[in-house]
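The chains carry the letters A, B, C, D and E, assigned in the order they are written, with residues numbered from 1 in each.
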Amino acid sequence: MNESILTLVTFLPTIGAVLLMFMPRNDRMLRAVALIVSLVTFGFSLYLPIQFQHGVNGFQFQTDKVWISLANIHYHMGADGISMWLVLLTTFLVPLGVLVSWKSIHDRVKEFFVLLLLLETAMIGVFLALDLFLFYVYWEATLIPMALLIGMYGHERRVYAAVKFFLYTMVASVFMLAAIIYLWAAATPHSFDYATLRQLIAQGNISTGALQWLFLGFFIAFAVKVPLFPLHTWLPDAHVEAPTAGSVLLAGVLLKMGTYGLLRFNVGMFPAQSQHNAAWINTLAIIGIIYGALVALVQPNLKKLIAYSSVSHLGFVVLGIFTFTQAGTDGAVYQMLNHGVSTGALFMLAGMLYERKHTYEFKEFGGLATPMPVYATFFLIAVLSSVGLPLMNGFVGEFLVLSGAFQYKALYGILGASGVIWGACYLLWMYQKVFYGEIHHDENKTLPDIDRREQISLWPVAVMALVMGIISPYWMKSIDPAVSGTISQASQARVAPAATNLSAGGQK
Amino acid sequence: MLHQILFIIFGLICVAGAVNLLAQRHPINSALSLVVVMASLAMIYLLLGAEFVAAVQVIVYAGAIMVLFVFVIMLLNAGAEERTTGSIIALALGVPGVIALGALVGWTLISHNQQLGGVSVGPTNFGKTQNIAHLLFKDFLLPFEITSVLILIAIMGAVVLGRRES
Amino acid sequence: MNPISIDQYVRILPELVLTAFGIAVMMIDPLLKPSASRRPLGYLSLLGTIAAMGATVVQMHALATDPSFGTPGWFGMVRVDNFAVFFHMLIPAISAICILASLEYLDTQKINTGEYYGLILFGTVGMTLMTSAVELVLIFIALEISSIATYILAGYRRRTASSTESAIKYFLLGSFATAFFLYGVALMYGATGSTDVLAIQRALAPGTPSLLAYVATALMIVGLGFKVASAPFHVWTPDVYEGAPAPVVALMSTGPKAAAFAVMLRVLFATTGTGWFALIWISAALSMTIGNFGALIQNNVKRMLAYSSIAHAGYILVAFAAQNDIGISAAIFYTASYAAMNVGAFAVVSHFASGGERYVSIDDYAGLGKRAPLLAFTLTIFLLSLIGIPATAGFLGKYYVFTAAISAHSNAMVWLTIIGVVNSAVASYYYLRLIVMMYMREQTVAEPPTPATPSMRLALVIAAIATIWLGVIPGRTLDRATQGAADLRPKTTAPSADLKAQQASQPATLVK
Amino acid sequence: MVPLSWYLILSTILFCMGVFGFLLKRNIITNFMSIELMLNAVNLSFVAFANYWHARAVQGVTPAGVEKALSGQVFVFFVMVVAAAEAAVGLAIIIAVFRTRETLNVDRVNLLKL
Amino acid sequence: MTDTLHLWVIPLLPLVGAAINGLFGRHFKNAVVSAVALLFTAASFAYALWAVLQALHMQLPYQGSVGTWITAGNFSAPFGFYLDQLSMIMVLVVTGVGFLIHIYSVGYMAHEGGYYRFFAYLNLFMFFMLTLVLANNYLLMFVGWEGVGLASYLLIGFYFLRDSAANAGKKAFIVNRIGDFAFLIGMFLLIQHFGTLNYTGIFDALKNADKFPIDQGWGWITITALCLLGGATGKSAQVPLYVWLPDAMEGPTPVSALIHAATMVTAGIYMIARSHSIFNLAPHALEIVAVVGCLTAIFAATMGLAQTDIKRVLAYSTVSQLGYMVMACGVAAYAAGIFHLMTHAFFKALLFLGAGSVIHAIGGEQDMRRMGGLRKKIPVTFWVMTVATFAIAGFPPLAGFFSKDEILGAAYTSPHGGHLLWAIGVITAGLTSFYMFRLWFMTFFGEYKPGAVDVGEEAHSPSAPAHPAHAAASHSHGHADDHAHGHGGVHESPWIMLAPLVLLAVLSFTGGWVGVPKFMGGHNEIATFLSPVLESPGNVGAERLQGAENGQLPAKEEEHAREEWILAGTSVAAAALGLFFAWFLYYKRPELPDRITSRMHGLYLTVLHKYYIDEAYGLIFVKPLLALSTFVFWKGVDQGIIDGMVNGAGTASKGIGNELRRMQSGNIRSYAAWVALGGAAVLAYMIWLGVGK
């Protein structure tokens, strides 16, 4: 079971997708099967944290089989504290995605759920793959279902958004492919194995110049996905046009693939280069935090605002990762999970509103707290979680990230922390625009509050937002060792500059 | 010495025929120029001692292929060619390209003159049909047989494409 | 004395089988009513291609059991080694799928001549023979067989101006290029005294080859480059593909191309000493760039795929340029994966084109996802594969090509790889355009598409499965490609191979 | 003794003339004839080289057998066969083109472009 | 650490109440809702009282932890609670006053929509406030810190249909966040230097004088202290972040009483007091604290002079009083600050509740110019308000006198203070007295004149710039309308509202008696009580602080006492002067203020508009920022540059494609030319290669 659980979790959705493909076009049944499949997947994925040996660094549940012997490509999957929780996040969000799509998708239902489930497989695979080739396969495999989901089920400018999303990511990830192949060729015997390549680089067999290019090759693929300023402009478009489930998974999981990649591959494999490049990366991350927030502040469109808020939030994650401090990186990983939950929730909520109003423009809303009190409450919880209110999940991550950033370089911590203010600004502004004030549109007075299905889909995220804010050590006990294992080389590489940084931020 | 003179004569006829092919505007004239080229090439083959090839050259090329050409020219009642300027590129890029190409090959050959040495036509069995037959029906048996497929599709093609509208 | 043993016949068994079936087709054709559908002939020729694949299996068996089988036969004319066997399997398979796709097409276009199938079969004879031939005479004849067959097929819709134009362009330029190739052969003969590829290789191996050999190689590159449609000899491709009947394009963009690449591998690696590396490098870069950028603005699907085929030829040339064993096997594998996806794509195009090939504009594909889900789905798979999305043949092929390039451990190859990956990213745009059309736009063609016939469905499904198969479990195929590559590089070059291995074991010294 | 290079240069000249013809003539049939000219040029090279190599083989300079050294001549034979086949097919295609467009001007055969 | 007291129960009880009301309150009757809310608050109060009594016999500080909250690497923050003398006072004030206000709210909110919501929020506030004061580490304190901000946000925006209310809530939260930002930085500094945020961890470490000498310059301790001050500035509405508090009056009056007067806004003072060990090591920071407090006090007091909205007057008064407390902290008189915090909680809660009662009585009117003569109509309210007014004005022997006197005394004597501080304090006291009595006279004396002033008159709408139409007479939809019907005339509030008023009045009267200074013959119990926690001058920390030169102070006790008498007298005189002017202007000659204002129109307007600070903030920060975001970042960088480049790359690619395909002219001869040219190129290269070898 320990050997095959990861395979099972990864490919259950695919099996479900195949099953759906051959089912008659009975929409109700299709939805039900999709929901059941995703729930079963979630159920199986719960096996991971239960059986996980906490406090141990290294990959567990590993399975390693030769896939393509000629090129020494392996089907090597494994989970550590970081990837396990990201998998859980994925399996947790997909059923919700199915639920929120229950009514909003009524055309080409079968294709929708097939794509959704295929997407799930690919996303889980990305987090679990320990063979770089396999990783790339999963990585690219996420692209198609997502682009199709946006392009087929999105709103007015869906085609533009889908193509933009696809091209942005595609162009960026080919550089990663080149880098991966380069590493493969550099290894003796040729290998794609994560641990092997990591060791290869650690041994210093590759010249610094080449390493820098390799680092950049990986970095650009991940930076686009994150998305890091200034590579972020696909995100608002993709989000605005995507169907709700698409947005939820895009924000909830796909963006995490970028940060996960940065942590696992850039920091994990290229510690010295990470150190070397940290200054400008962190600068970009901080620009992203502030810039994203400021632009979010002036958006006239609910979804676009949330999208830009993602730019800002993911900036925290990148900042955390590239501090190479335990706290910062722990926080970054935690923030990945948090962002998945809270922004996922926000997108679900936005979708529900869209189902009722068929628009995301703020000027069509206002005063909705009166007709929709329950909805307003859930929205508030999501907003607060996103704002980073203590005792909600967002705070834990943000605090740790900023604390780490501050330790790394005081200025980073200070600039990053200003994001706390901006976050409050745009999120509260958004909340006010939607829920407060008088109702200006008569049809809004009779908007139905969310129904039971919608409540069922929202409760899990609301509860998670709280639970993760209160008992974070439950997660941290597995994240902590994994992070320390991943950043150990990077933080060692930093010993020399660390001293100067500390004194700069401290006594003078 | 005689060889050289003969070569120069027939070589010049060849080149003249080729030039005429280019110069003539009516395809039938061009075709006839080509026949001239081929015939004089056959002579050059003889100069080289390749009797069999020379014979086949006259029979197949000048005899069969060129007849086919003339036949088609007649069939389609092709007139003198129009002076269209459809391709500037052919003039602007193609001609210099070809000149360069010819010059390069020619330069190579001249520079290799010493290495290559001369051609002598002595009492060898070089052009003997018997020797060629040996080669053709033993070593080159497979290509020879496979040629049948080639001819078969050529026939099929001609039939398919040339068939009258039904 | 009977020097021709059974063994010898086994060496040309697929060709014999195909010829036999071709003749059978021609014999039966007159027996059918002139206006009747030629479907039965199609089935017969399909059987022929399958039989040819069976014959290849016999060859494989022979190769596995008898070590001497891999030596040249027919007085040094053919050599059925792993390299040839790979293509002997691939090319009849391509023909089979094209025939499957043609069954419906011919009926739709109201073409009732059995020669079509005959030409395909005979053309296949030429292509298969090209891959096993090791004597330039035979290579030339086989090349001409395959070429002439495709010239004719390209003009098969002879009442249509575009089709005949396609044929005449292909024919004239093809012959033109053939003349260059031939001139090259002549000079090579002059330089080495032989037309036997292996003998040429032997002659060129020691010492520096004469200048004549360089000139000869150059002219042969021109001719072969034309056949594989690599820049700058690619110019004919878009016009010819656009005008030719769709299933024929499916064939000629894959079959003769695969065969031509096989010849190119054999010939160029026989002349390794002449250092054509930079030429191939430039040609690869040009092909990829011209192909992909040219395709960006096409509105005709066939023409777009034509440009794409130029680009794909460029990817294969990248593998050539790597000049190592991985490169050869990558090129071999790529031809197979490209065949799978491209045949499939053109099969869909040929179905959807309808009578008179009316619907070949990208806009006509709008809403196809709803109207014909299977067609759209399979076409999506092919397009994704052409983009190079993982888990498809196209990705693995591309990956393997780039692997070869980077394994060459030279900066030039790293740059070529970068050009390649950037190009493949650019390329994704125009393939994606078609997917977008199918799934994200509303239908514009008023006419409902005719449902695909079972034979067409079968063709599509086979191609799709092959595409996925090669992308997910390529192990066997890759192994075969590697064996083929090993056979292609005789042991005479062993020292340099060892050198490469040595270099590979010390990457640090190379990449610095 | 005629130097081998004379033959070869004549061949080159003829080949280039063929290419010129293809590039400059407007009539499709003439274009095709130019190709035939190119093939003839090649044939000349083949025969010249065959002679050369045969002489070398007789001298025992090359490892290939005396007979095999004649393969150049055989090649010429095959080239002629191919040329014949090409002519048959080519002219058929030209006829088909003429039927659909009523012209033999190569510049007017440009429906497919860009 | 065994947690015998189970302190976590204290904050948890209101949370349970909040959860019950929040989740199910919609389906409850009002009575049930109030019962739940009151029950849990009362229980919390009772438990807190019990715990305090228990703890008095234990070794203090008492600590208990219920688990780890955040952990990363070596850093960890527990859910730990902490009880010492300081938190005892705080927890009792919070639960006690909170409970009273809960009771009051039952009556006040009886007719409001969203009743359950109100009580859920109120209970939620209690939870966070108690967490704040009971936390044993800064991070958990920050939980309460932000949490009360949330509750405040929700409660200010309680009448969310009103844009002004929603804006005010948002403003409060955001301005608080600015403070929190500083607080966060402070915490990061603490983590950096101590590796922990636990009070004991930090303060024990700080006791090591060798390792942590007094920071005479601007070292990290000073920076830390200033960051903490920044946090306090936001929460306790100090200059320059006070702007949210007056707007916060958009909330229901009990909220103003509880959150924006008695408890939440004092969190900053609590925090500074809690962190006194840090501040004591940072004299520069202390100076700044004092200056900030002093400035706030005088500034807010002047702004209070011209306000006509009864709640706004009280709001500015609150800001001003908070300034006093901060000033106390700034002169290291932490105990005095806490003392004033406590008495202020009593009388300011009383004032707000009383004002609420007034507003309630006259149907939602908040403009004082439309009041008057209510003395007879609502006598109970009048009397309790009288007590409160005298208390805040600082008349002995009411609570305000003692605490204010303590602060002024400290300001005068403290080495950090000085006479200027003291003088400003005294002037502020006079101003306080003036505007409070102005309120008192305008409301309860003269004639009742509803509808006296035009609402729309520009000069009389001293509200936030964003919504000028409101606030001057904040006719709320939720609030005023509900009250308007069924209330024919002015009427006294029900007993459920009056009872807490009376209780608070008693406390306002007597609350100061725990701090009667020594020179008056008292024992200053509160200072004694707090002395183990707060190292005020004379104790260890102060010695370190002051060095030897102040060591002779106790010797001159008698002289000192005389001086203190004079100081007390001065401040009482100032208060009396304020009373006199108020009496003269608003009772004796009520037409004079108008004449004065019209004479000094500019000055008056400036004061009325709060020195245009809000407008300035809007003009300097908000508007440019929004414009920057919209036009430079979003439309410029995002859509213009980045997307422009992306799209440009697309267009360029197509352009290249377009150029490349011109090769494809369709002409066979051209194609042949390309082949020939290519052939020539290939040939040339190969020959070059061959020759080169």
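The rule we apply is simple: contacts are C-beta pairs under 8 Å (C-beta built on N, C-alpha and C of every residue); 3 or more make two chains touch, one makes a residue touch a chain.
Because the structure is a prediction, the values reported are computed rather than measured.
Novice: Quick check on the contact network: minimum steps from subunit A to subunit B?
Specialist: 2
Novice: Tell me which chains count as touching both subunit D and subunit E.
Specialist: Joint contacts, listed by label: B, C.
Novice: Specify the chain with the shortest distance from its C-alpha centroid to the centroid of every protein C-alpha atom present.
Specialist: A
Novice: Distance from the CA centroid of subunit C to that of subunit D, rounded to the nearest Å?
Specialist: Subunit C and subunit D have C-alpha centres separated by 26 Å.
Novice: Indicate the whole-number Å distance between the mean C-alpha point of subunit B and the mean C-alpha point of subunit C.
Specialist: Measuring from centre to centre gives 31 Å for this pair.
Novice: Between subunit B and subunit D, tell me the centre distance in angstrom, where each centre is the average of that chain's C-alpha atoms.
Specialist: That pair's centroid distance is 5 Å.
Novice: Using mean C-alpha positions as chain centres, tell me how far subunit A is from subunit D in Å, no decimals.
Specialist: Chain centroid spacing, subunit A to subunit D, equals 65 Å.
Novice: For subunit E, jot down the residues that touch at least 2 other chains.
Specialist: Counting only residues that touch two or more other chains, subunit E contributes 650, 661, 664-670, 672-674, 676-679, 683, 687.
Novice: If you look at subunit A, which of its residues touch at least two other chains?
Specialist: Residues 167.
Novice: Among the residues of subunit D, which are close enough to touch at least two other chains?
Specialist: 8, 15, 18-19, 22-24, 31-32, 48, 50, 52, 68, 71, 74, 78, 82, 85-86, 89, 92-94, 96, 106-107, 109-114
Novice: Please list, in label order, each pair of chains that touches.
Specialist: A-C, A-E, B-C, B-D, B-E, C-D, C-E, D-E
Novice: Mind pulling up the subunit B residues that touch subunit D in the complex?
Specialist: Its residues touching subunit D are 3-4, 7, 11, 14-15, 18-19, 21-22, 27, 30-31, 34, 37-38, 41, 44-45, 47-50, 52-53, 56-57, 60-61, 64-65, 68-69, 72-73, 75-76, 78, 81-87, 90-91, 94-95, 98-99, 101-102, 105-106, 109-110, 112-113, 116-122, 124, 126-127, 131-132, 134-136, 139-140, 143, 147, 150-151, 153-155, 157-158, 160-162.
Novice: Write out the stretch or stretches of subunit B touching subunit C in their complex.
Specialist: My answer: residues 104-105, 108-109, 111-112, 115, 138-143, 146-147, 149-150, 152-154, 156-157, 159-161, 163, 165-166.
Novice: Which stretch or stretches of subunit E touch subunit C in the complex?
Specialist: 650, 653-654, 656-658, 660-661, 663-664, 666, 668, 670-672, 674-675, 677-679, 681-683, 685-687, 689-691, 693
Novice: Could you list, by residue number, the parts of subunit A that touch subunit E in their complex?
Specialist: Subunit A reaches subunit E through residues 164, 167-168, 230, 232-233, 236, 291, 294-295, 297-299, 325-327, 330-331, 367, 369-370, 373, 377, 384, 389-391, 395-396, 399-400, 402-403, 406-407, 410, 413-414, 417-418, 420-421, 424-425, 428-429, 432, 435-438, 470-473, 476-477, 480, 484, 502, 505-508.
Novice: Under the touch definition given earlier, write down the residues of subunit B that touch subunit E in their complex.
Specialist: 86-90, 93-98, 100-101, 104-105, 107-108
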